[in-house]
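A short write-up of the structure that comes next.
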């Protein structure tokens, strides 16, 4: 249940305050250049402690490759990646040891497993997503080989939305803002929340360029179903939109249909997916994150004995999980595209003949 | 790729204009009463031709059980359900034989498979969803055994939203409207679109009651990930929201966090899921459908030779796919809950001891 | 749990005395000619009632294609095949309704599911294998496209072994005997058993020709692991051998190693598989079937109330399940090869470039 | 493709001469005592270098737990186990860098992946099985909770078979011999082969005690199919027998059928499995290993340029892989039983009611 993907897959492990997190990337085609520094640079993008808009927890998040690579190239064997945890202050969590932090997974994990691993969320911590990003770096390299690019950034913070989408700018922004003109207002919304010992929600945007036509395997491995599931499974995500998204439910067919002329599609309300299969147009996704559950205001909750309790949280937390979450969303999208790319390879007899020849 | 679910699963087959559609339901625990008339009544809820708000295509959609049931009870063997197609006017599709209908899957299926099965969408037709509803009827019966109820209705049509949620009323409404006071305006929006030879989008709402705490298997079979994927994979769905949904991305933590007192949760912004695991509260979902792609206005597109062409569609189509789509959303939600119910059975050694005893 | 295969898969349903059996074949690449009469001819090979060496139960075993084929060609959609049961004399089973036939699945199914579907074994009946053979006929057609051939026959009956392997002869033999010189002795062994109201065991032999080098996905989808599992799962199989098989455990390395010269392998003790991957040599398998459990001698057993009982079975049964079982073994081998053929398509970046081009 | 198991699964990684091997054990029910020293002791049983009947390669094979355990108890999260490689003399392999060792996976891996990872077999090395044994130690602890015991030993070396089965004695034997009276002859056969610079085949025996009735999920997750696949996938295994095994194919039904009286089964030719489901009797398996491919005699082969070449191997190798292989066979059997134990938990509505209560 800790595996994602059919043919190109990751299996992850690790808790926020255990000794390490990591993943096994399986199904990587042999012959792919595996650039350790690229994997590291991807993981660094979501690393904590880089700006004042992220948690101040310090982790070097150094990725080690344990297997599957020989002389810099993938061998077809599973690639194991491990990141040892460094900054494990379990003591931070002594005070919340026996209570359920609101909007966290404390309550549900305890009830499901009858174990209270109170150290920073344990398995449910967003720290696990560093392993996904590491694995997805390999997916991204594979996609690049075929000219496919996956990009991300922050679309909105607290409802303040970008009017302009600039992925290059986002790379340079402390909050990965897509719109330079909205960035300051978005930052200010975060600062205000921080000042009030509170947190704030946000929306990430992911765009996939140059995906070939044909990705997605109907009916239950549709590209939109896979993306929807992958993104909704990221910590704190409460809604996912593809293409026109929610707005499509308010439109008429004449407004939403993408007509064609001889050059191809005249619009892209579909967000690059029709019938669960990629159209060759840009694939566009909005991913809505709830505000960080960890706030520094007094809250009421229960403890493990079902006794009510009031408490005020301490520690180091992101004021807005959407920011680093956008990197995770990009990672999950890359994993889905890599998987469907491999699955589609055997969609037709014609494809197979290209590989096995014609009898 | 035509299977859905891990432990409780369906595998579906069939095209809109082939000889039959159907599904194999696997993993049904032995000893469940299988009521053929209940399955039929569920399928009837999404049957075409019942009201003027649905396609006028007539199908009796008679479900036959081919296996897995003995003396009215599930045996543990796979249950095969088949619905023979009756109203297969392939001739309806002669005129669109070689062109790609905008916003349909014609283009992508052709490009992926290099085959043009022009008969009403073939495999990509929403007709396949009748098989899901049939299979899900068995899931719903299983859930009922444990007091779990899955309900659905129409939340919005063309942006006209319900203010009140009444699932009992929805059952009696021609458009499954959840709010009797908004129903007429919603109907009128559909009629207006029909009058204009157009179609309209809508939003379905699904609520799951009495799901036990603990459903969902972290990290990649999280309950929200499974629901997100299942619902996003329904024909025409472009966005899925859980609990507070998109709105959560605009709130502060202090507004969105669900605090607790001794009686339990004080609010349900989470929509019944924390950390990917059910909280025991109601699970609430919004599913946004695009407008029906089939409209009767002149549209421009390409044909299979990549030549541009203008055309006007004929035939019988739903003016708003969200209406019958809400039944499919309910079905997919039921399948997810049934699957996670079975998966969770082995989550703890304690659970296993209840079954196998203690050595 | 009723699905077999990862990328090319079958999901089967049906009981011996239910209304139908069948399967959904998923993952069939689009563009394959689907010849209904070929599927029928394959199913006919294992049809009961053809010779006095098979059960006299009469079934026409007529296969119907319900989906996935358009104008004689696979569309990429799942292909559903159904065989309606005709000769359902449940009354034959009245007398054994509440007792567990020795060496049958009656006892274990009852204990597992707490249901006694006494009609001829229900789901555990070998009748289900007709559905596998039907599905495998499509796999065989796919393999043929690439020159791959799967063949079977009877190697031994009651320990009387073939000295010569002639698949062409086997096709004409009533017992699929591979060695014309041993056929009469093998038949006589069966007749003797029948005369004694008894049954007899046997061994089938399967050979796969022209499998390309590279099939099998290490480490847990190795070709030998998949074949081993597929064949051991056939009703009545108690042992599977690959290549040198059991004898390899008695040899020295110098005897068993397949050395090479410039033309390739000098021997084939490996049976065409090294490290779980096909070598390009013939893949050879021996599949050992126990004697038919259904015999007409007095036996002692328990009933569903755990009371001891003596009984003598009546009815129509194969005297030697290995005979028709050899067709099933061939079918399962074909399914495995088809699946690994598809999976291997994405094994290298080089393969993918043949499909997606080079950026 | 490097994952094994459905609900209780392992995903392994690592090459013989990479930096580490390991596995992620997923699906471990929460609340299981995880005894690190027990895992280590299991791994130590197959550790190289312990006797003169095993390779002299020295490895401490120290297992580290990276996740999934809190305060000595499983949390429900995946348990990652890692073993760092210590004795990586890649230089040993310089001389065989570009040639294909007979009966090894060198040829097939090179042809499949177009990569020559010449370091001791890379991924195809039996070294990977240490990770399986580590993961299976957790499975064995789980099984023990329910009184289930998995045992192994050497049945035959070079055709010299045990006449008596004594698992307790096997634990003390340098070659895990099951029969103390045959041990010396078996050892001598190995010594003779070693003296001749050769190797020798052997047969392991596995017995599972106290498996509850009902394990195995028909039809394609049958217990015998799973065991057959799991065991055939072990390095060097060429045949697997269950219960009466090959001999069953020589018997009559009256000889092979297990009759019952009021106390239960009167014999166990079935090897504890009927219809793919456990009967509650002992599950018995024979696993036949080919002789070690690595011998020190001159052999002819090809190199990566398809040029013929004669060579004589150097290095440290097991003279008989069946010996340490028996531990791996035991491990794989334990993994299968653990998986089916979890899967069976939801086989009936009755079981589910024990967990979720009755509405």
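Chains: A, B, C and D, in written order; residue numbering restarts at 1 for each.
The definition used in the following text is that a contact is a pair of C-beta atoms (placed from the backbone, for glycine too) under 8 Å apart; a residue touches a chain by one contact, two chains touch by 3 or more.
Nothing here was measured: the structure is a model prediction, and the numbers come from that model.
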Q) Out of B-D and A-D, which chain pair has the most contact pairs? A) A-D
Q.
Let me check something: if the centre of a chain is the mean of its CA atoms, which chain is farthest from chain B?
A. D
(Q) Using Cα averages as centroids, what's the distance between chain C and chain D in whole Å? (A) 26
**Q.** Whole-Å separation of chain centres (CA-atom averages), chain A against chain D
**A.** 37
**Q.** Intercentroid distance (Cα basis), chain D paired with chain B, Å
**A.** 44
Q) Touching two or more other chains, which residues of chain D qualify? A) 1-3, 12, 27, 30-31, 76-77, 109, 112-114, 123, 218, 343-344, 347-348, 350
**Q.** In the complex with chain A, residue positions of chain B that touch it
**A.** 1-4, 12, 100, 102-105, 107-109, 111-114, 123-124, 128, 156, 158-159, 193, 196, 198-203, 213-214, 216-222, 224-233, 235, 237-246, 248-262, 264, 266, 269-271, 273-280, 288-295, 297, 299-302, 306-308, 322, 343-344, 347-348, 350
Q) Can you list the chain C residues touching chain A in their complex? A) 6-7, 27, 29-32, 76-77, 142, 144-147, 212, 218, 341-357, 359
Q.
List the residues on chain A that touch chain D in their complex, please.
A. 1-3, 11-15, 18-22, 24, 26-27, 30-31, 64, 66-68, 70, 73, 75-80, 82, 109, 112-115, 117, 119, 122-123
